[in-house]
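Please find the structures below.
Each of the next two complexes has subunit A plus one more chain, namely subunit B in the first and subunit C in the second.
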Partner chain A sequence: MKLTLPAFIGRIAFSALAALIGAAFALPLLWFLFAPFNARAELGLAIPDPWTLSNFVTVFGNSFAVQALWNSLIQSVGGVILVGAAATLAAYALSRSSLPGKGAVTYILLLFSSVVSGSAAMVPIFLIVSAAGLIDTHLAVILTFAGGLLPTAMFILRDFIDSIPKSYEESAMVAGASPVQAFFDVALPVIRPGIVVVVVWGFVNIWGSFLIPFILLRSDDQMPASVAIYSFYSEAGTPIVTLLAAYSLIYSLPVIALYLFVSWKFGFRFFGGIKA
Partner chain B sequence: MASVEFSNVTKIFGNFNAVSDVSFSIGDGEFVCLLGPSGCGKTTSLRMIAGLETPTSGKLLIGGEDVTHYHPKDRQISMVFQDYALYPHMNLADNIAYPLKVRGKSVTERHGRAKEVADVLKIGHLLDRLPSQISGGQQQRTSLARALVYPSQVYLFDEPLSNLDAKLRLEARGFLNHLQRDMGMTAVYVTHDQAEAMALATRIAVMDQGKIVQYASPIEIYRRPATTFVANFVGNPPMNLVPVEAVQGDGQLRPSADGLVLGGLAMSSGIGTALGAGKTLTLGIRPEHLSIAEPGAANTIAGKLFANENMGPESLVTIERPDGSRVTARIFTDDHIALDQAVKLSFSSEHVHLFDGAGNRIPADGETPI
Partner chain C sequence: MTTEPIIETKPKRRVKNFALLSNRAGAMFLTPAGLLVSVFVIVPFFWVIFVSFTNRTLLGSTALNPEFVGLANYFALFDGSNFFQRGQFGFSLILTTQFVLASALLGQALLGLLLAWLIQTVPPAVKRLTETFVIAAWILPEVVIGFAWFAFLDRDQGTLNALLGTVGLPPGDFLLQQPFWVIVVFNTWRGAAFSMMLFSSAFSSIPPSYFQAADVAGASSWQKFKDIGLPLIRGHIVTDLILITMWTFNTFTPFLLTNGGPSYRTELVSIYNYRVAFNDFQFGKGAAVGVIMMLINLAFALIYLSIGRKKKVR
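Up next, the complex of A and B:
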C-alpha cells in the first residue's frame, strides 16, 4: 500500500509527538535511576560521573532511615496478613452462605471503606485509636489499614469466589470431608490466586501510605519509610537530593520485588473451573 | 450398598416448588434413573439424597435410617458431578484418592488404590497429570474413579455423560452398565436422555414439574406409559399422539379422526366409559409399530408424504395429516423405499395406546392398571 504525501507527513508528526510525550514520562524515571548513583545529584537529569554507591553508604549509616524501612515492613506485612486472612474468610462466607441481605452488607461496607481510609475520617480515627491507648504503636497503623482495606478486599475476593463452582466443595463433602476440610483442601487452593491479588494490592497500599502513620505515630523509631523520606532535609529545609534519591530507590525495591515474585510464582493467572 | 427411600419429600425454593410431595423407594442394588425434561427437579432430588439440599418437608431414608438432616460426609455416598468437579490443583492420583485422604488413609494405600481404580478405567498412565491436561472423556473417567475408589452405600450420578461426544457417551454408558452388573451397586442416575435411562436403569422414575409421573421398569414404561407425557418422552422418535373424538357407529361410540380407520380395535369397557364422558381422547402409536399399509389392512392412518429419511437399517417416514399434525413411522427395510404423495400407514390393534381427556392411560381389557 502506498501512502499519500499528507498521510505520510501526518504519520511522522504523530510519531514525533508520541516520542515527545514518551520522553516526558521517561525523564523522571531516568532521574530516579541515575541520581542515586551520582554523588553530586541535583534536580536536573545528569549521567553520574563517576558512578558511585556513596549515597547508599550514607543512607545505611542513618539508623533512623534503616529503622524506618524495617517499620514499613512490619506494618505492611502485619496489615496484609490481617487483611488477607480476614477478607478470605469473610468473602468465602459471603459467597457460599445463603444469608439474606449479604449483597447489601458488602456494598455498604465498600461505601464506608473509602471514608475510613480517607482524610475526612482522620480526626475520629485519631480519637478512637487514642481512646484505645494505641497511639504510637505499629498495631494502630495495622488495624486502621485493615479496617480501611478490608471491605474492598472482601469485595474483590467475593467476586472471585462467586465465579468458582460450588461443586468443588460439594464433591469434597460428599467424599467425606467436613466443611472445614473442604475449605482448606479444596476451596483455599483454588481461591489462592485471588488472595495473592488482594495481598499485593494491600501491601502496595500500606507501603506507600503517608497520612495514617504520620498521624497515628509519634516517636522516630515507629515511623515507616514513607514518613522517614521527609527527614532528608537540611536544617534550612532544602532537600538533600543525593540521599533522597538513594532512599527512594531502596524504598521502591520491595514493591518491585513483590510484583516480580508474584508474577513468577503465579503469573497473575487464575485456575478457574474445568468444564469440557 | 443400601436402599433409599423418599417419604413425602417436598423442596421449595423461595415460592417455587422444585419437588412436590414425592414418595418412592429404591431397592438395595437397584439402578434407578430419574428421567425428565429440564427443570423438573431431578438434580434437586439427587442433591437431597446427597445432603447438599435439605428437604423443606418429608423424610429421606438411606438403608432404613432417617438421614434427612445428616451432613453429606456422614451419609457414605459417592457422587459424580455433571461438571466433574475435579480439583484443579491436584493431580489425578490425588483427585481420585481424595475420599481416602479424608478418611485418614496412608499415602501408600491411597496411591495404590487410586492406581487400581484408574487402571480399570484406563487412565492409569495419566495419574500425575493435572485435570487441565487431560481430555473431557478422561476427566469424566477420573470423576468416576473418584466415586468408585471407596465403597459407598449409594452412588449418585448427575448427567455424568452429558459433556461427552456421542461416541464416548455410548462407550461410557456401556461401561456403567457393565459396572452395575459387576458390582450390583445401588445407584441413582439423573438424565434427560431417555435412551440412557432405558439402557442403564432397572427402574425409571419419570418426573415432570416436581412430581413422579411413572416409576416402573424401562420395558413397562415403554410398553405401557402411564400418561401422554411419558409416552411422548420415552422412545426415539417419541410416540405419535393423535387426538380422536367419539362418534356414533354400529349403535356404540367409537373413536374417530380424519384419515383414521380403526377396523380391528376391540372396544374395551374402559374406552367406552372414557368416550361416554364426551371428551377428546388421545390415540398413541409408536413409530416402530407403523408400517406401509398393505391392501385390506384393518387399522390405518393416512396423510400426504412429508419426509422420508433413510437412517441406514431403517427409514423414518413422516406423513402430514389434514389437520397439519404429523405421524412418523420407523420402517425397517434394506432399501430406501420410494413413496407416492398419498401414504397410508397400518398398525395392529395390540399396539394402540389410548389416553383419556386428562392424558391418563386407559388400560386395555385384561391389562392391570398401573
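Up next, the complex of A and C:
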C-alpha cells in the first residue's frame, strides 16, 4: 500500500508528538542519569566531569544508609512471604472448595480493600499496631502490608487458579492423592507463575511505600530506605545532593530489575493492581 | 482489572460434594488470610468510626482514657465559621476535588488516552521509548520521584528553569508560586501510565479489520478514534476513571514534594488527615477525617463493583 503525502505527514506528526510527550516524561528523571555519578552534583543538570562512583562509595560507607536498605529488604521480603503464602491458600480455597458464602466473602473483601486505604485508615492502623505493642518493629510494617495487600493478591490468584482445569488435581486424586497432597504436589507447581506475579507486585508495593513505615516506625535502626532518605539533609536543612542521588538510584534498582523481569516474562499487564 | 466478583452458579444436581477441597480444608486454607485481612482491613474500618466519636489524643490523659464526645469532631470539621479557610477541612476537601478533577479525570485520563492512541500507530522504536519513560514515572518509588521533582523545579538550578531560560522565558519558583498546579502536573505525570496501558490494551483488543475498513473508506485518524476506538472502549474508560479517581483521592505522594505547603495550599485530605492526627495529635478528629474519606471511597467502590457485576451478568 502506497502512502499518500498527507498520510505520510500525518504519520510523522504522530511520531513527533509521541516523542515529544515521551521527552516531557523523561525530563524530570534525566537528572538521575547524571547526578549519582557526579562527585560535585547539585540540583542542576550537569554532565559529570569526570564520571565517578565516589558517591556510591560514600553511601556504602554510611552504615545508617546500608542498614536502611537492609530494613527495606526485611520488611518487603517478610511481607511478601506472608502475602504469597496466605493469598495462595485462600485463593485456592475460594476457587476449589464449595464453602457456603464464598461469593459474598469475595465481594466484601473487594469492597473493604478499596475503601480502607492507607491514607484514610492511618489512625486506626496506628492504634491497632500500638495496642498490639508493635510500634517501631519490622513486624508492624510486615503485618500491615500483608493485610492491606492480601485482598488484591487473592483476587489475582483466584482468577489465575480458576483458569486452570480441575482435571489436574482430579487425576491426582483418582491416583490416590489426598486433597492436600493434590494441592501441594499438583496444583502448586502449576500456580507458581501466578504466585510470582503476586510476590513481585507485593514486593514493589512494600519496597516503595512511605506512609505506613513513616507513621509506624520511630527509631533509626528500623527505618526502611524510603523514610531514611530524608535524613540525608545537612544541619542547615539543605539536601546532601550527592548522597541522595546515589542512594535514590540504588534504592530504585530492585524495582527497575523486577519490572524488567516481569515484563520480559509475562508482559507488563500485571502492574495494574490496586496500590496500597 | 480482573478483580470483579463472580456470581456463583451452583449446579443443581446433588452430586455428593464434588468440590476438590472439603469445606473443612477450605476453611483452614482461608484462615491465615482471613485473620490478616480482618485485623488490618476490616477492624480498622470499624475502629476508625468508633475513635471518631472520642477525643482521643496521641499524648496526655486522653491518650489512655478517651472520652466519648459524640459528633463533636464532625462539628469541628464542618464548622461553618472557618470551613473554607486555608488549613481547614473544607479547604482541603475542595482542594482535593479540584486536584482529582484536574490531575486524574483531565490529566491522567486524557493524556493516557492520547498516548494509547498515538502508540498504536507510531514506529516501534518511538513507541518503546515513549512507553519506557511514561512507565518509569509510574513504577519508580514515590520518594525518589518526589526528590527528582524537587531538583527539577529548583528555582536557581532546576532543569525546568534552565529549559525556560533557553527559550527566553523568565525563571519561576513554581513550588512557591503555583504549588497547586505543580502537584496537578506532578500527579498527571506520575499516573498517566496506568490509563495509557489500560486504554492501549483496550484498543489492541479491537479487531484490526474495523480500522482497515475505515482506512479503505478514507477515514482520518481522528474519525477512526471518534467513531470506532472511543465507542468500543467506553467500558474501559469508565473503569479507568473510577480507579484513578479513587487512587488520586487517596494519594499521599504530593506530601513528598510540598509537605502540604506552602501555607496549606497543597494540603489534600490525606495530608490534612496526617497533620491533624500525627502533628497535632488529635486522633479523634483525624479519625473523623478518615471516616469521611472512607465514605467517599465506599461510594466510588460501590459504583465500580456494580458496573463489574453488570458486566459479568450480561
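The working rule: the second predicted complex is superposed on the first by the 234 of 276 C-alpha atoms of A that agree within 3 Å, B and C clash if a C-alpha of one lies under 4 Å from a C-alpha of the other, contacts with A are read in each partner's own complex, and residues count from 1 in each chain.
Here, contacts are C-beta pairs under 8 Å (C-beta built on N, C-alpha and C of every residue); 3 or more make two chains touch, one makes a residue touch a chain.
Quick caveat, the model's predicted, so the values are computed rather than measured.
Within the superposed three-chain arrangement, the count of touched residues of subunit A is higher for C, of the candidates subunit B and subunit C.
Once the two complexes are laid over each other on the shared chain, residue contacts for A:P165 go to subunit B alone; subunit C is not touched.
Of the two partner chains, subunit B is the only one that A:V190 touches; subunit C does not reach it. In the superposition on chain A, A:S226 makes contact with subunit C only, not with subunit B. Legend: residue contacts after superposition of the two complexes on their common chain; A:M173 is shown touching both subunit B and subunit C.
Judged by the touch definition given at the top, the superposed model places A:P151 against subunit C, while subunit B stays out of reach.
In the superposition on chain A, contact is made by A:S248 with subunit C only, not with subunit B.
By the touch criterion defined above, A:L94 reaches subunit C but does not reach subunit B. Overlap of the subunit B and subunit C contact sets on subunit A: residues 170, 173, 271-272, 274-275.
Taken together, the subunit A residues at the contact with subunit B in this complex read 165, 167-168, 170-178, 181, 185-186, 189-190, 271-276. Against subunit A, the residues of subunit C that register as touching in their complex are 1-8, 10, 17-23, 25-27, 29-30, 32-34, 36-37, 39-45, 47-48, 51, 111, 114-115, 118-119, 121-123, 126-127, 129-145, 147-152, 154, 156-160, 162-163, 189, 192, 194, 197-198, 201, 220-221, 243, 246-247, 250-253, 256, 270, 273-274, 277-278, 283, 286-287, 290, 293-294, 297-298, 300-302, 304-305.
For subunit B in complex with subunit A, the residues that touch the partner chain are 50-52, 71-73, 75, 77-79, 81, 83-89, 98-99, 101-103, 131-132, 135-136, 139-140, 146, 156, 163-164. Touching subunit C in their complex are the following residues of subunit A: 10-11, 14-15, 17-19, 21-32, 35, 42-45, 82, 85-87, 89-90, 92-94, 96-100, 102-103, 105-107, 109-128, 143-144, 146-148, 150-152, 154-156, 159, 162, 166, 169-170, 173, 179-180, 182-183, 204, 207-208, 210-211, 215, 225-226, 229-230, 239, 241, 244, 248, 251-252, 255-256, 259, 268-269, 271-272, 274-275.
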